Structure formats: C-alpha cells, structure tokens
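Next, two complexes with subunit A in common: one pairs it with subunit B, the other with subunit C.
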Partner chain A sequence: MTIKDSGYRFVISALILLSLVSIYPLVYVLYLSLHRRLLIFDISRFVGLENYLFLLKDDRFWNALKNTVYFTVVSVSMELFLGLSIAMLLNRTFMFKGIVRALVLIPWAIPTVVSARMWEWMYNTDFGILNYMLGAKINWLGSPFWAMNAAIFMDVWKTTPFVAILLMAGLHVIPQDIYHAARVDGAENLAIFRKITLPLLKPVILVVLIFRTLDAFRVFDAVYVLTGGGPANTTETLSIYAYKTLFQTLQFGYGSALSVVIFLCIGSISIFYIRLLSRGIKQ
Partner chain B sequence: MSLQRHLLPVLILPLFLPFISGCIQEKGRQEGKETVIIFKHGKIAGDPEPFRQLLDRFEKENPGIKVNDETLPASTDEQHQFYAINLEGRSSDFDVLSMDVIWVPEFARAGWLMDLGHLIQEGERDEFFPGPMHAVTYNEKIYAIPWYIDAGLLYYRKDILDKYGFLPPKIWDELVHQAKTITKNESDLYGFIWQGKQYEGLVCNVLEYFWSNGGDVIRGREIVVNSIENVTALRLMRDLIVTYAVTPPLVTTAIEEPTRHIFGNGRAIFMRNWPYAWNIFEREGSPVKGKVGISTLPSFPGKESASTLGGWQLGINRYSRHPDAAERLIRFLTSYEAQKTFALTIGYKPTRKSLYRDRDLMKEQPFITGLYDVFMKARPRPVTPYYMMVTQVMQPEFSAALSGIKTPEEALSSVQRQIEHIMGVAR
Partner chain C sequence: MNPKFKVVGLYLLLALTILYCSGPLLWQFITSLKPDAEIVRIPPLLPQNTTVDHYVSIFKGHPFLRIILNSAVVAASTTLLSLIIGSLAAFGLARLNIRYKALILGFVLSVSMFPPIATVSPLYLIIRALGLRDTWWALIITYTTFSLPLAIWILTNFFREIPDEIYRAARVDGCSPFQAFYKIILPLSAPGVFATAVLVFIFSWNEFLFALTFTSTTASRTIPVGIALFPGLHEVPWGDIAAASVVVTIPLIVLIFAFQRRIIEGLTAGAVKG
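On to the complex of A and B.
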C-alpha cells in the first residue's frame, strides 16, 4: 500500500463527515428554495423558480442587498486602512510592546452581542457618552443617515484589532535585510512602503480581505442588536432579512431562496479573491 | 420530499440507538409511579420561589403528577423560534406552553395546539377580560387559556400636572397642549415619550392611535389599514415629534427600558408604557416615587380610548403524551386562587375580572386592581394566523412614516398593498 492510497481513505472519511454536516443542509436549502413552504398553513408545493423571480421584484431584497454592500465596502476598507496603520505602528520596538499589543485586542475579544449592547447605550441620544462628549443631541441609531454608519463604526471598532494582528504577523516575516538594503540605496520611507512593504504583504492582505469581506457580507448580530434593521429598514442587511423571513414569519421556501442568494454572493466573492491570491503567488 | 427529509435521521439513528433506548426505559420506569409534565415558559420576573411554590401546591393537590418547569430564552423572538421549530418537528418534549398573545391563531392554524374549549364553560367565558378571550379564539374554538394580562398605559407626573392645574388628558390635543405649556416653562423636561424603534413594540404603539381614532388594520375578512382615520392617527405621531415638538426624536430608537429610564429619572411629563414600570417608580429611592399617576391613553375627540393587549396564554402541545395532566395544570394555573397568589407574590395581572374586586388584592396590590378599566379596553393586535407576516410589513412602514422617509399616506397604502399580497398568496 502506497502513501497515496492511504491518503484517499483519510480524505474519504473527511468527505463523508463534511457532506453530512455541510453539503446535506446546503442541498436541502436549495431544494426548499424551489418550494412554497409555509409552515403555519401546511402548504408545501413545488413552484420551480417562482421564489427567485419574486426576489427580483422584491424591493425589500434590493434594499437589503444595497445595505449589505454598503456595509461591506465601507467597513472593510476602513478596517484595512486603520488595521494597516496600527500594525505598522506596533511593529516598531518600544516599551511595553507586549502589553499594548494585548490591549489592542480587547474589542475583538468581547462577544459581538455584548459589544453591540454596549454601543447601543453609548449611542443613546439622551444618556449616551458619545453625545455627552460631543455636546450634541444626535439621534445616532434613529436617523436614516446615521444608523448604518453608526453600525459600521461599531464594526470597525470591533474588527480593526483582528486585521491589525494578522497584518502584524505578515510584517513580521518580511526580512529586515531588504529594508536595510533599501536604506543603503537611499530609498525614501514612502518608497520603501510602496515598493517593499505593500508587495510583500499582499498575500496577507488578501487573506485579511477574504476573511473580512465574507464576515461583513454576512453581518447579522451587530446590526440586529443595534437597530433591528430600522429605522424603516435602512439598516436591514441580507442576513437580517433572511432571518426574519425564515424564523419570524416561517416562510421557509422564500427564506431559503434568500439564503441561497447570500450563499451565491459569498461564493463569488471568495472565488474572486482566491483567483487574485493564486495569481499573486504565481508571480 | 419526505424521503430526503427523513434520510438523514435514518442514517445516523443507529449511532444513537443505545442512548434512545436508555431514555425510553428511564421514562417508562418513571411513568409507573407518576406522570411528569413539562411546562415551558419565559422567565418569571423577580423571585422564582413563589412560582415554584405554586407548582408544588399543584403537585400536592394532584398526586401522581409531577411538573418540571423549564425556562426559555428571555427574548420573545427566540421563544417563538423555539416553539416553531420543535412543534414543526412534532416534538412531544413539552406538554404545556406559554404563548404571547399574538401567536395563538398562528399556532392553532398550524395544528400545533389542542382545542381547550371544554376547559371554559360557555358561562365562564365572561369571567375573563374580553381582549384576551378574543385573542385565544380562532375559528370559534378556544386554543389557549389567558394566564396573565398586560396593556399599554399613560403614565403622567401628578405633581407637575397639579402645579399647572391640569387634569390627566382625555384626548390627544389636550396632551399636546399640556405638554407644550409645561415644557415651555420647565427646563430639561420632555413632553411625551413612547416606543418608536422598528420592532413589535412600535406596532403596539401605533395601533393605539389607530383604534383611538376608530381605525383598524383588519376588520373581519377585510383589510382596512389604508383609511383616513389611520392616516390622521399616524400623522399625529409624526407631528408629536416634528410639528408640536413635544416628543423628542430619540423615540424613533426607543424601546420600553430607555423610556422608562427617562421618565423614572423625572425627565418627562407623559409616557406610554406597560404596567411593569409602576413598581420600579414606586421603589425606595426612586426620584419619582409618589409623583406618578396612570390613566387610559387619550383618544381623538368623540372616539373611544384603546390600549394594545399584551400578556401570556397557556396551551397544550398537540403532540403531548399527557394531555389530561396538562389540562389539570392549566385549569389550576388559571384558577381564581392561583391567579390571586400570582398577583400577590409576583405582581402579574390576573385575567379574571372578579379578582379586581377581591378584598385582599385591593388591599395589597391597589395598583393592579386599579387597572381594571385599562384591561377592559385592551384590544388584541389583528387576530389572524398571518400576524407574524403582517407585523413584518407594518414595522418598517410605520418606522418610515415616523422618521419622515415616507408620508403617512404612502406608508399606509404600501402596508395595505403588502398585506393584501400576503393574504392572497398564502391562500
């Protein structure tokens, strides 16, 4: 028996386990999405693509998609920018470096629901510390303009440390010799950053982007606790809409169609990133 | 489809067989001596001890029956989800369930509840408040027994109204006038606060304005939400914030607790809330202790005041193995005596009208017995199995009207269209 043969046996047992816990539910969701299935009315019948066609006309779906994309683009780019800055700063040697690094991680360590509750009180118009410090009466979570941005701000606060830590690890493996050589050649700080740090950090940045984009696209708990999707659905993301359809109104067919669409979006985002990543490695 | 659906359990069943047979044996042994019924309910406020004592009393009076009460997660959404998933899976893991007032028709329509009509005789129905009785009746059958009741109230600051010589407002215009006059002279005081975040509580608030102007959402089989009465009512809510400026914009994110905080710190003249807030205001050290009054909510001129009904009902799981024992428990918990104990020890409001004339209760809990008029006027939210879908439509539209994204006309005509669509499609 060769090593290759025994390898298959391990892979197959893993495959069986995976198909039980992840492929079976996935197939079942696809199957459900082709049905009209309303638990309360004991209705369950095949309707083909009707759920998907209705989805195309469903304003609430397009609104949720728009919100989700806005949330993802803004939060991920801010997290990357801030995370990179923090990583660069923390990568220098200074006193209490270990302690500071640990402190930075605190927001990431708090469970999302807990920090969302915290922020809900901080955003409170009347007693919130934010308005107290600003000396203003901004209705953070109640105005259509601020609500989504307030949710994004909380997400940035929470996940920037995660981004920073990953990028710090990436910075760590860049050999110092290259920097020395660049300095000897008389390169400017900005040039060093652009020509050395960024290209060598690219694989790590892509990994960070994959993680964060997928997470942000599925965002649920933070927004759900902060605003519940309001005011007037201006903060309703796809996951919140799917949750409400599935578990509050018990429309399993349509809710499954929504979930499939979320899955397809996330799938294409991942493929796009993985392509980028493998191209980067080949170079 | 059933093949696919059942394939997985069949495949993994052998793995669990030893455990399952173990459980069955265990149960069998217990049943030889006594019946164990499982009672699922939300968290009981305050000290859990009096409630357990009540159950102990039931066990003593009914030898051979043991009650295991199991608490569900605090949020009602999660409780609804728990019941929906388990009952859809025909679980017989629990026998008696407590239900929010809006779920009964839905669960009844799904066939998850037993018909409990025989537990309340025809003549006994008048014993209970009309609102909850309406809410537990679906297709002329009774599927649950009202356990305790809740309803929206107007809280006001007695001391401040007295100072200005005002009586508690009976109509909305009066409330606006009083709030405006007072806030002009007093600093750091809000006029009128209520709950306007996009959630179930917003619907409770809005319906009180609709009803107090003679409007409604569904009447019989007709959808009547897009009416002049309702447009006027919804516009008043927006005007409270914008035109009259007696309600701060913060209500568009407020749920019960933040408004209770503001009022409890003496920072508002009027507040719409549920009865639970009273005990907190009357606690030792509360800034508003002894200064708070309550009344029914105002109405539009010449119309009836109304408040939204809340509260919980007890029903029996259709798949229960011990329906007889479960019935006895429900009969016991909704009896005069048990409701009295419940009101005296925990402060939950009884659903039987006669208790509001009970001497002990009038002496010990005068606040509760004083709520009689409010509970008589309490109305259930639309009693329909579609309710959970209907509220999902109403919440964002009402929220849009309050935050000025849509006019009341636009919001209500959109609600009308969407509800018609839901009810048309589901049939």
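On to the complex of A and C.
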C-alpha cells in the first residue's frame, strides 16, 4: 500500500521565513536602488536608473570590480592547487589520521575576523614573524603591491581546508581497482593523475569551484578587517565599496545599486557554473 | 624508490601541512603569553617571562564576557531554530507529497547563493523600523534564515537515505506524520542532525557583516565585531587581541576535535553526492 501524506504544513514555516527575510529584502533593495536616499536627511526621491548610470562612470566602482576579480581568480586558483595537493596527501594511509584531519580543519573553523587579526600581526613590518623568517622588511599591508596579495595569502590559508576536505571525499569515491589496473598496465604516476584522477574528480572540482568562486567574489570580512580597503583603495572589493557607501557615507540609494550589481554578478557566475555542471552530468 | 624513504617523505609533508594550518594560531597563542615588552621584540620567538596578564586584562577591562555571552546565545538560538524549521521542511521534501519539490529545493538553494551585501541595506531598514536594532533577535532571525538552505539541504539528503518502509510501518501502526517524524525519522538521522547543528553553530559564531551592521553596543555585539573593533587607546594592543583570539577559538577547536567526522560528513553531504 502507498501512503501519500501531504507535506505542505511541514515546509511552510521555512518558506515564509525565507520569503520574508531574503526575497522581500531583495525586492526592497531593487526599489532602493531606483531612489536617491540619504539616511541622515530622511530624503527619498525616485530617480529611475540614475544610480546605475552614475555607476558606469564611477572609477571607484571599476577599480573595486577589478580588485574583486583579481582577488577571486588568484585566490581560487591557489586554493584549488593547494587543496588538491593536501587532499591527495591526506588520502594516503598514515597514523593518527583523525587528529591530522582535525588539525587541518583549524583555519576553516576560526572566525574570519580572528584570522584577519592573526595575519595582521604576522604581517607586522617590524615585529611580524613573516618578515623575521624572511629576513626582510616588507610593508605587507601598507604597500599597494603587497596589500592585495597579503589578503589573498590569508584567504588561501583560511579556505584551503574546505577545498581539501571536499576533494578528499571526491578522491575517496574513486574505486581503487582502477588505479591497480592502471599500475598493472604500467602507467606512470603523472599519467595516472592526468588520465584517471583528474577526469573522475571533475564534478567535485566543479562543485568546489562554485562554492569558492561565489564566496571569493562576495569577500568582505577578510579584507575589510585586514586592510579596510586601503592603501589608497588598492584592496577595496565590491562588497567593501558597497558597505562603505551604505553605512559610512549613508547613501542608501547608490549603495543599493552597487549591491544589486554584486547580486547580478553572483547570479551570472552561478548560472555559468550550473550549466557547466549539468552538461558534465549529461555526458 | 626506497619504500622507507617514501614513508619519511610522507610524514615530512604531513608535518609541513600541519605547521601551515595550525602555525598562525600557535603564533597567536605564543604572543598572548608574552609581556608587552617582549611582544615588540623579535627574536627571541618564545616568551622569556610567560605571563597571563593579557587574559586577565581582556576580562577585566573590557565587556568581553558580555560579548561572548551574546555570541553564545545568538549561535545557540540560531542552531535550535534552524534545526526545528529546517528538519520539518526537509522531512516534507524528503518523504511527503508536495508539488514542485524540485522547484522548492532550487529556490531554497538559490537563497544560499545570495551575497549578504545584497540584502544588508533593506534588512537594516526593516530591523530599524521594527525596533530590533542592537538586539539578539535581529541576528537570530537573520542567521536562522540564511542557514536554512544549508540545514534543509543536508537534512533532506539524510532523510532520503532512510528506507520508505520504516515511515510506512510507523504510519500503519497509527503514528501521525508528525509523530513518525519526531519519534522515528529524526532519531534515525541523528548523525545528520548533529552535522547540521555543528555547521550552523560555527556559521553563526563567525558571521561578521550582519553583526557589524545590526549591533551598535555591547548589548548585542558578537565576538567577530568585538575582535574587529578591539579598543586600543594609543597603539594596537597585540597581546590582548591575541589572548581574545585564543579564547574565542577554543570552543571551535573543541568542536572540530570532537566532531571532525561529522563536520566532514556534513560539508560533503551535498557537494559530493549531489
């Protein structure tokens, strides 16, 4: 016999909450972005697409977009490379596996703000351990060249464990027989990696790329706490620019337009990856 | 290659990985034990006169205890609420009859892709209008909503693994759908519920953007905001920051050592299977 119980009353509370606290604000932010709204003076006036037109001519926006893309591309590639190396290392047999995996998870669990302050201290020009070990006097957070890369190194440290854990699970699913068969046939290690591991890992790599690209593109706390967007806006990402516009200069209209643009970028990236993923599954 | 050499190489690489991952926290711990005069001197690396002054000072001079309490209440309430709401929804989606299931799941997942910055300005206006600014509730409601996608996704996957016969047997024996849910399905999925709880707790304990925007005093300020805005009169109090970092990280270290397998299960539940 079959039982077909209705499930609507079970999902309704979740749907209501999601609609009120995420969908409604999303509609509201669109509405705000079409207005000139200055919080301090209680001014709110409909201006149509004026905010968006201004954005096209806003050098600071293009600078923030450039910084965000640089941050995303460099950090995600480094995380993927390092994460894959660590995953393959952890996939070997060795003692105290549980403890090692827990130690590797530490950066992932630490609050981003705490990591940023930890790295801020390590980056200290005079008393930082990094300059001491390198025997250098690099002004990590104060120089336009190093500041963004310093933020990237911190983000890579913080999120590589997540990448490694997911890829490790992906490696775990690959049947060992395939490797044995390849070895019997005399395949080299590098060939095995390129011809077997990478292709079989591709779906998991794509999922990791989705998570990481979306997170990196909306990066806020890591960079905001480490550099505040400076020096001279060289580390100002889109989220930081939007946040400053909203809550420091209190331009809610223009800030909301920036938020909408970030949302659209994230949406396009998601759709691009999901297409890629579903094409992979169909093949 | 010599197999012995290979094993040594493996453990060497593992040691290097562990040093990379835990080194910065270790350095922060070492810094927290140094008196101020030694903090601004390198070398030596290790403290010459170990002190706990920084740990005393963060609890004495600052409202640090209150900030920890705020975080604990917010994270615990968020975890509880999203488990209740999320498990009910996941049960409905995994076991019961609902039209447009795929559409609903797709909608739920798409919310997890929202950049927080896109919703923070309207949420701020709403929270201000409701008079919830600088309260625990502002954060609890926001965090619960944004952790629902993760909770629903993981729990739906876990509930689906329980054979349908078990649910049917419970219904035939006279359980209502709700009774079957909390007496049978929920206990059987305890590992999944646990994994979800740990992940949601860590998310709420660590969140920064909403916390920075919705809180303005120590009445509701959480740990990340407290650490980011750490007070320093003349110079940055590195020792105190180090001590505070270590204190707020301890609960997380305990969690990952106790539930390392659950966390990994939870993180991979959606990603690898889906």
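Keep in mind that, in the parts below, the second predicted complex is superposed on the first by the 266 of 283 C-alpha atoms of A that agree within 3 Å, B and C clash if a C-alpha of one lies under 4 Å from a C-alpha of the other, contacts with A are read in each partner's own complex, and residues count from 1 in each chain.
By definition in this document, a residue touches a chain if its C-beta (ideal position, glycine included) is under 8 Å from a C-beta of that chain, and two chains touch if they have at least 3 such contacts.
Just so it is clear, the model here is predicted, and its values are computed rather than measured.
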Contacts of A:11 with subunit B and subunit C, given as first, second, both or neither: second
Which of subunit B and subunit C A:67 touches, first, second, both or neither: neither
Subunit B versus subunit C as contact partner of A:94, first or second or both or neither: second
A:75 touches, of subunit B and subunit C: first, second, both or neither? neither
Partner chain(s) touched by A:28 [first = subunit B, second = subunit C, both, neither]: both
First (subunit B), second (subunit C), both or neither touched by A:142: first
Partner chain(s) touched by A:125 [first = subunit B, second = subunit C, both, neither]: first
Which partner reaches more residues of subunit A (counting touched residues only), subunit B or subunit C: C
Touched partner set for A:102, first subunit B, second subunit C, both or neither: second
Subunit B versus subunit C as contact partner of A:42, first or second or both or neither: first
Subunit B and subunit C contact sites that coincide on subunit A, given as residue numbers: 20, 24, 28, 124, 126-127, 247
Parts of subunit B lying in touch with subunit A, wherever the complex brings them together: 1, 4-5, 8, 11-12, 77, 80-81, 84, 88, 106-107, 109-111, 196-199, 248-253, 258, 261-262, 267, 385, 388-389, 392, 395-397, 399-400, 402-403, 405-406, 426-427
Interfacial residue positions of subunit C with respect to subunit A in the complex: 10-11, 13-14, 17-18, 20-22, 24-25, 27-28, 31, 39-43, 45, 85-86, 88-89, 91-93, 95-98, 104, 107-108, 110-111, 113-126, 141-142, 144-146, 148-149, 152, 167-168, 171-172, 177, 181, 202, 205-206, 208-209, 213, 223-225, 227-228, 230, 238, 241-242, 245, 248-249, 252-253, 255-257, 260-261, 263-264, 267-268, 271-272, 274
List of subunit A residues in touch with subunit C within their complex: 1, 3-11, 13-15, 17-18, 20-26, 28-29, 32, 86, 89, 92, 94, 98-107, 109-119, 121-122, 124, 126-129, 132, 157, 161-162, 165-166, 168-170, 173, 204, 207-208, 211, 214, 217-218, 220-221, 225, 238-239, 242-243, 246-247, 252, 255-256, 259-260, 262-263, 266-267, 270
Contact set on subunit A toward subunit B in their complex: 20, 24, 28, 31, 35, 38-44, 60, 124-127, 139-144, 227-234, 236, 244, 247-251
